[in-house]
Amino acid sequence: MRKGMATVLSNQQIVDRVFRLEVQGDLIGEMTWPGQFVHVRCGTGIDPLLRRPISICDVNVEEKILTMVYRVEGHGTKILSESVPGQPLDLLGPLGQGFPIDERKEGEHALLIGGGIGVPPLYYLGKELVKRGVKVTYVIGFGTASQVILEDELQSVGTTYVVTMDGSAGEKGLVTDVLNEGFNLEDSAWDVLYSCGPLPMLKALQDRFQPTGKEGYLSLEQRMGCGVGACLACVCQTQSPENGKKYRKVCSDGPVFPLGEVKL
Amino acid sequence: MIDNQRLAVSLAGLNLKNPVMPASGCFGFGREYAEFYDLNRLGAIVVKATTMEERLGNPVPRVAETPGGMLNAIGLQNPGVDEVMKTELPYLEQFKDLPVIVNVAGTEIEDYVAVSQRVSEAPNVSAIELNISCPNVKCGGITFGTDPGIAGELTAAVKKVSKVPVFVKLSPNVTDIVPIAQAVEAAGADGLSMINTLVGMRLNLKTRRPIIANGTGGLSGPAIKPVAIRMIYQVSQQVNIPIIGMGGIQNAEDVLEFIMAGASAVAVGTANFVDPFVCPNIIDELEQKMDEYGVSSIQELVGAGWK
Amino acid sequence: MIDNQRLAVSLAGLNLKNPVMPASGCFGFGREYAEFYDLNRLGAIVVKATTMEERLGNPVPRVAETPGGMLNAIGLQNPGVDEVMKTELPYLEQFKDLPVIVNVAGTEIEDYVAVSQRVSEAPNVSAIELNISCPNVKCGGITFGTDPGIAGELTAAVKKVSKVPVFVKLSPNVTDIVPIAQAVEAAGADGLSMINTLVGMRLNLKTRRPIIANGTGGLSGPAIKPVAIRMIYQVSQQVNIPIIGMGGIQNAEDVLEFIMAGASAVAVGTANFVDPFVCPNIIDELEQKMDEYGVSSIQELVGAGWK
Amino acid sequence: MRKGMATVLSNQQIVDRVFRLEVQGDLIGEMTWPGQFVHVRCGTGIDPLLRRPISICDVNVEEKILTMVYRVEGHGTKILSESVPGQPLDLLGPLGQGFPIDERKEGEHALLIGGGIGVPPLYYLGKELVKRGVKVTYVIGFGTASQVILEDELQSVGTTYVVTMDGSAGEKGLVTDVLNEGFNLEDSAWDVLYSCGPLPMLKALQDRFQPTGKEGYLSLEQRMGCGVGACLACVCQTQSPENGKKYRKVCSDGPVFPLGEVKL
């Protein structure tokens, strides 16, 4: 079962325009892979018509509770933000390929870099890594202090550095700046990179770490139709076509891709 | 599966157990939806447009949303006919009770002819759907779908080589669709598919540019349903070949409306994205709705809106 | 009312305080909505189609609903130009700050000419909108709106007699709208209105007949917005006369999208039926949305989508 | 103010497919004329797009409570039937010309004939007539016993005869049959007729009573666009055009018309 109804448990604004939504439902029992997403129907009508992709932020597998953190952008997320407890929510998921974690070994050090509304999936990822004995360090970037989300939650998983563009919270600058300075996060200090955030951030990370040969994974966004790999709306091009595959589908081959796999 | 004659339709020699099939481009080659349900439940399957060579399609974003609809400009991305013959069609052979209709596209008449000939030889292909109406690809300057003469010429050329029935998929972006339908009928088409998408556009207020990288895109979904119904109603009275109707179908009542307008079967496109189970759900719901509206069989209802 | 230059638009010599007007046929002659608010708040008003003689219009039902839209086949019901001159236009004189645009329809070129001449002489008429695109009336066999030659001829004839600027309202039911726009521009049109409704149909599953007595009807409402945006985007790049854009506008963001596509002003039709206050609400909302998207003035935004 | 929000107080099914909806809101204070209707927005989306006309069944002017009784027919009324207490409801109204009652004199006898879902507006009408000292007799017709609505309410206003087509409740037959038989409802027994119901019923009444010259009023239905007289969707033709008016608009000239005014 990959489509089903869940019930809204809570839906609360955490910072300006950003909400934390908790839902419960049978299909959530399958949501065990961080980095996957759910395709959410917002409302029950024909406007919005299409579903909206939202990342898994946290899952309580036993209780079948899924947490999503989303920002109100347009019509769909606006309607989602009006959800009230008890309301049914139509979900398709879990979808896509999440962050690879099965190969992780105890004692490794993972660097998790998030930007803005890309931070949420890193929470579940961090928790699953820690379960496997991996040490987690977070670097999370935002525009300004009032946009910072999930800092406390992440702090409970691993050391968390906050970066803001205006310096109003944590370090001033971009997440990549922090990696340059005295935070003991030089390349040799970590084994693997996982990241989710705005395209310019992902691009900066790929440009910087692809040449180094470090292991790393990036989670992308793209406008979607079906969400399951059938419509070819969400493609991105591969850097070097292997097996003649010149493109990847963000919804089903991704949203997570190894560093260097796709053009950004 | 119990043979249910109420739902069965005969379509240019094809016998379908029910009139519901997914529309081209909205169902890939079936793989993804096969994870949701047994594709044998479908009346047939229409697969993604296939061209001679591999096509990479258009830049992204390729889709945008509109009130009650969506725009797409995928740009015929597909692995090319060789790969389709080698990988995709053989994959579908496992579904023993699933007629396969291959949507064929091209830039020149020769492309269409070559691709049609090849796919019509595949053991499990039941029909070809000629896509002369894709609004997202500049067809070498020629818009096959808007000129009765060229549409007829293309149809005749493909008919010569095809070993299976040929459906021609018409464009709704024309002043008068009837002469085009008549031209392809005269040229030997076994049936029509209608409608393809309407040409539309959305702008991004922040970037001040079209949302879709291609600029325009094809409008599909519930928004276009009344245009589809109107065109099928008009054309079905002027031709003697069956029509596969499509455009905004969401539920069993919509199916009955299309059949009543003159379609002999229907294809469901965009609605698959909203609910991957929409096709089997519609099929399950169909008989109950037929009872509700006193419809004895789908065949009986074809064109009842004007008969 | 404070003069607000951010919202002001100049339209073929007409100066409008804001770009929002109700669309023809959706606002009668203003009487009904004047009970809801002061019509002086509107940028202008486009009144119901006026013909030479009184018209009784089509049989009922005249409207049907579609997903995100509606069909209508009113059939140009109106009291005729004499009565409009005698009763309706004088009624509107009380609104001192309200440019009046009269929508003119007919069956023969002579009708259009005669009606245009008469209404253009009324003291409070600021412009004429030639309805060459009404899909609900058989125009003596001629479909003015689908033939560039006839559309141009009609425009030229009306231009000769009209004392006010002439806007020509184009039909979207054509293969290529650009040559028609260019033909009416060449014939002297001062501006274009686009789009009129798409031809559509709904069937009643119980009666097995079209819901609308006329059979087909004109599709309006949010469903057609992407088609309107696309056509305005295409045409505005090929002509040098201003466009009044319409088709599915519901809110201030829609207005900005139309202006960005190339319209200089907009008309709101079907949305008045959902919310009688929609026009003043949009006007009130417009500046806030302009701030949100960094738009300094409406004039500056015209065609920004392609400039 | 003729457009405004009301709040749903209750929405209960009373017989198969028929619901009684009570809403409260400021504009209801103006709903003093029986036979007028409200134009109701069903849901908040674009499908259904248009409003739905629903008659005023009862009004508590002091408390600003409006009662509507509606039958689920299609998409719009289906959505309306899902309304829950506390929910806002967007109303336009009161609209149209109701049943003329100002000319009624104390001691007159009014015959109120309703069919099916045309019965509800006759409740408020009857109450207002009784207030003016007019005697009210109801004849209400339905297909079968299980469809009978509002019998008790009407009974409290005036003598109420129920008629069903299959005879499963009250008299068997059509409402017009009852007028023929021993119910003391011969033409001379009443002064004025008010009716609302299906077209064939209204037509039968008009055919029968127009030639007699009796005073009477019929409430019509027609598919509407605007509901306020602007779009000309809802017209009906007049029998004899006066002042050159060859048609009437059901929404603004009606829905109530004098016997003989319009063609049915």
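The chains carry the letters A, B, C and D, assigned in the order they are written, with residues numbered from 1 in each.
Basically, a contact is a pair of C-beta atoms (placed from the backbone, for glycine too) under 8 Å apart; a residue touches a chain by one contact, two chains touch by 3 or more.
Keep in mind that this is a model prediction, so the values were computed, not measured.
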Intersection of contact partners for chain A and chain C: B, D
Which of A-B and B-D has more C-beta pairs touching across its chains: A-B
Centre-of-Cα separation between chain D and chain A, whole angstrom: 57
Computed distance of Cα centres, chain C from chain B, in Å: 34
Distance from the mean Cα position of chain D to that of chain B, given in whole angstrom: 47
Per-residue multi-chain contacts in chain B, two or more chains: 67-69, 222-223, 250
Touching two or more other chains - residues of chain D: 46-47
Arrangement of touching chains [line / ring / star / complete / other]: complete
Chain D to chain A touching residues, read off their complex: 43, 45-47
Chain C-touching residues of chain D, taken from the complex the two chains share: 2-3, 41, 46-51, 75, 92, 222-237, 244, 246-247, 252
Residues of chain C that touch chain B when the two form their complex: 66-69, 71, 146, 173-175, 198-203, 205-206, 208-210, 216, 219, 222-227, 229-230, 233, 248, 250, 253, 256-257, 260-261, 293, 304-305
In the complex with chain D, residue positions of chain C that touch it: 25-28, 31-33, 35-36, 48, 54, 56-57, 60-65, 67-70, 72, 74, 77, 79, 83, 221-223, 250, 270, 272-277
Residues of chain B defined as touching chain D within the complex: 67-68, 222
